[in-house]
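Take a look at the structures below.
After this come two complexes, each holding chain A, first together with chain B and then together with chain C.
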Partner chain A sequence: MSREHALNDWYAVADANSLKRGLATTKLLGEDITVSGSFDAPVVETTDGKRLPTQVKFDHLWTTLGADPRPLFDIPEGDEDGRTRVPCGMVRVKCSPLRAVENFLDIAHFPFVHTDVLGAEPHTEVEPYKVEIRETDDEVWATKVKFFQPQAAKSAGGGITTDYVYRVPAPTTAVPPKHEAQDIITIFVQPRSETECDVWPWMALYDFETPYAELVQFQQLIFLQDRSILENQRPVRLPLDPKMEIPTRADLTSVAYRRWLKKRGALYGASEGPL
Partner chain B sequence: MAAFTLYDYVLSGNCYKIRLFASLTGLAYDSVAVDFYPGFEHRSEEMLALSPAGTLPIIVAGEQVMAETNDMLVWMAEQSGKGADWYPVATPEDAANMQQALALSSRLTASVGLARLNAMLDWPVDGAAKRAEGLKDLRELRRLDGCKWLVGEGPTVADIACFPYAALSPDSGLDHDGFPSIREWLYQIRSLPGFITMPGIHALHELRG
Partner chain C sequence: MSTKAVGLSRDLPAGRVMPAHVAGQDLAVWRSVSGVLSAWDNRCPHRGMALSHGFVRGEALACLYHGWHFDCDRHCTLIPSHPDLTPPETIQTRAFSALEDGGVIWVALEGEAQPSDDLSGYKPLRTMQFHAPEDAVGTINILADQPVKTLLNPWGESRTLVTTLIAATASIQAMKDATIALETLRQQVEARQ
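Our next item is the complex of A and B:
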């Protein structure tokens, strides 16, 4: 538990659609906050009326509880012209915010949880790939991730071997930007507590034909397949002690992510020692 | 040829009833994705013209427009050419049991269905109250104690209508631990030839020889 560290990150707490529905009470790092207004004039307040800083980025409203927040990361590809930007709304999951991100980074579960969409038996092998913690910008990157996918995206015509790049720019955000000119699919995780989160998926796609409703529902199909798995993972807090679990080679990204969290002291939603 | 057009939302248990039953009966259809969430497109004028209550799914088959899930299931049973199997109402007892189960399916939508939307999408309803109603409705499914199916000796639209929200109740925090007969019945439905999944309802894992 390190709420102190988590306080100084920015978190997505609303999108244009949710703001349209009027004032909402939500939770951030265990604290009740209210969110209202519009992207042009957003208002985020604590229950004792303290106004919190806001910024609009990636089609979401972001806020922070910290006095000295780290800058919000960039996703340069997201601003490129000619991408269809798809905010997907919010899904609440009773799991550690860190587990939501770690699941997003995992390829090996595709054939079993996203059967015939993101993976299929017997194509279950995760080929060796490369993971690094980039010191310059202090982010986790996994590259050269290749995996056979029956339907990698709504626009995919059939099975293809997909190249993924995964990027974790903040403890509660995962971005697989894939390559240049490839689709970006992210999740922005709003930690309500150490064991519950609101997840805001966001995509920036090269897809100009599929109707918006179908794009969102493809993403929701995938994410809701994960939800029941995430809610049943034990221990509930993400274990950072390397002795707690036995990873395989396919889990390299997860190993790097856990190591990186530990090094940063980003422990909100994690358990450090043996239980 | 497509028998109908389904206005569909991927996370809806009621829309899934139609997708599942179409797969079990081999009825072909076209579908239109409706942005129920986050866009609330089901409350748009165009959708309200088809479903004045603002509900999904909607079926359009030529002149016939249907916005009540149970009506659709009965209609599909007749369309499949196996109405007597899927909608057996020849005896007074079967007819009454059928109505009882279909009414229960609507209660499950209003209790478990809303509790699930609250837990998943922060739907503005009293989640605790809906969960309590859901528990009561799941208990009513104890009518399954000692029977394999809700009506008669085989699967019917009564089972299809009650299945999704019973199966999805863990999404709203209502697990199946205290309901062995429900678990058995869910397993049987998942074993039917042509069974398909939705998020939260998994396939039985095939053992490959």
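Our next item is the complex of A and C:
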């Protein structure tokens, strides 16, 4: 628990381009909200009619329930010329928002969950990589993450060893990969509650050939595969007690992420005690 | 804590895993390729994934999430992200006592599993899940003219796993009739809920 901390973050709650379809209801940190208006004048309200702050960024509509929100992070590469920006719709997952982010930071599951797409046996080894909590901007960064992938993206022709960078700028956002002219694939996680979330994948690609529908379909496939894992982890809330779940070397990013959440007090969706 | 029936032996062939429940405990029950039966806490010690979604490779059960292998002694034998690493002895699953008797798989959460019923003179018919609490599933003995034995394993507040056996001498037709009667009974019991 620790809804107080979570209140002061910004969350994606809609695809900004879908506002034209009219009023939608959704949920944020356990509270019912409505989303309406237009791309240029979006409206987010609580059920008792209180208007919440909004901003449109990364093709999504963002809002916050807090009185003193932390600034929304930036993804500078996303604004670079010549990238196709692809909002991928939403996947609802009955899991902790923090488990969804942690899964996104994990590469060791690729051969088993995204078989023959993001990974394949016998290429299961995770080589040493570097993880740090950058004190200046208080973000988790993992660099030099290399992994063999049969088809890393819709645009990838065949098997390649992908060089990933992962960045966690907020408890419910993960931004890999970023390597100069590489594609960016992120997830923005909207916590509906501590045990249910809406995941909004967003990409900024150097792919000008694949039709939009195919790009979205590829990401949806990946996230549906992840959902089969995420909805079957116990406890549902992410355990921050290191005794609860045993990590290995490949889990350095996950270990740093859990420590960082604890240090920040970002405990919405986390469990601190034993099972 | 008593021993409960979690299913029929024939419904768990070699090389397969299934989910099961005893007194609120989620279980992964699996059989190695050579036939060794195990009943474990349904949770991988690595990242909490349900092991009942995993897959059997030879004499090990592998977790679907990261492919960690656990042998019949419940020790982790392989971490695919570090194939050259010998996993520490401390990485292991939590196992419960399980055995097979009368064609039924029995599991105990505490101590050694001990079948609660003498099943001699009976043969397995089938297992079914009733969406009803245990006390609502009481009258199965009157469902057929053949003697049947039913083993009830409540699963939460509103579900019950019903394992039914029938007289060893029952004909194929009698087994069919009993199965149909059982299905009818299930519908009646669930309609009353």
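Throughout what follows, the second predicted complex is superposed on the first by the 271 of 275 C-alpha atoms of A that agree within 3 Å, B and C clash if a C-alpha of one lies under 4 Å from a C-alpha of the other, contacts with A are read in each partner's own complex, and residues count from 1 in each chain.
Heads up, the rule we're going with is that a residue touches a chain if its C-beta (ideal position, glycine included) is under 8 Å from a C-beta of that chain, and two chains touch if they have at least 3 such contacts.
Quick caveat, the model's predicted, so the values are computed rather than measured.
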item	value
First (chain B), second (chain C), both or neither touched by A:A67	neither
Touched partner set for A:D15, first chain B, second chain C, both or neither	first
Partner chain(s) touched by A:A41 [first = chain B, second = chain C, both, neither]	neither
Contacts of A:Q220 with chain B and chain C, given as first, second, both or neither	first
Touching partner for A:P247 - first (chain B), second (chain C), both, neither	second
Partner chain in contact with A:P239 - chain B first, chain C second, else both or neither	second
Which superposed partner A:G89 touches (first chain B, second chain C, both, neither)	first
Touched partner set for A:P211, first chain B, second chain C, both or neither	first
Shared chain A contacts, counted only where both chain B and chain C touch the same residue	121, 228
Interface residues, chain B side, partner chain A - complex	9-11, 33-35, 37-41, 119-122, 170-171, 173, 197, 199-200, 203, 208
Residue numbers on chain C that touch chain A, as the complex places them	26, 42-43, 45-50, 53, 63-67, 79-83, 85, 90-91
Sites on chain A touched by chain C in the complex	108-109, 111-113, 121, 124-126, 228-229, 232-235, 239, 244-250
Of chain A, residues touching chain B in the complex	15, 17-18, 87-92, 94, 115, 121, 198, 211-214, 216-218, 220-221, 223-225, 227-228, 231
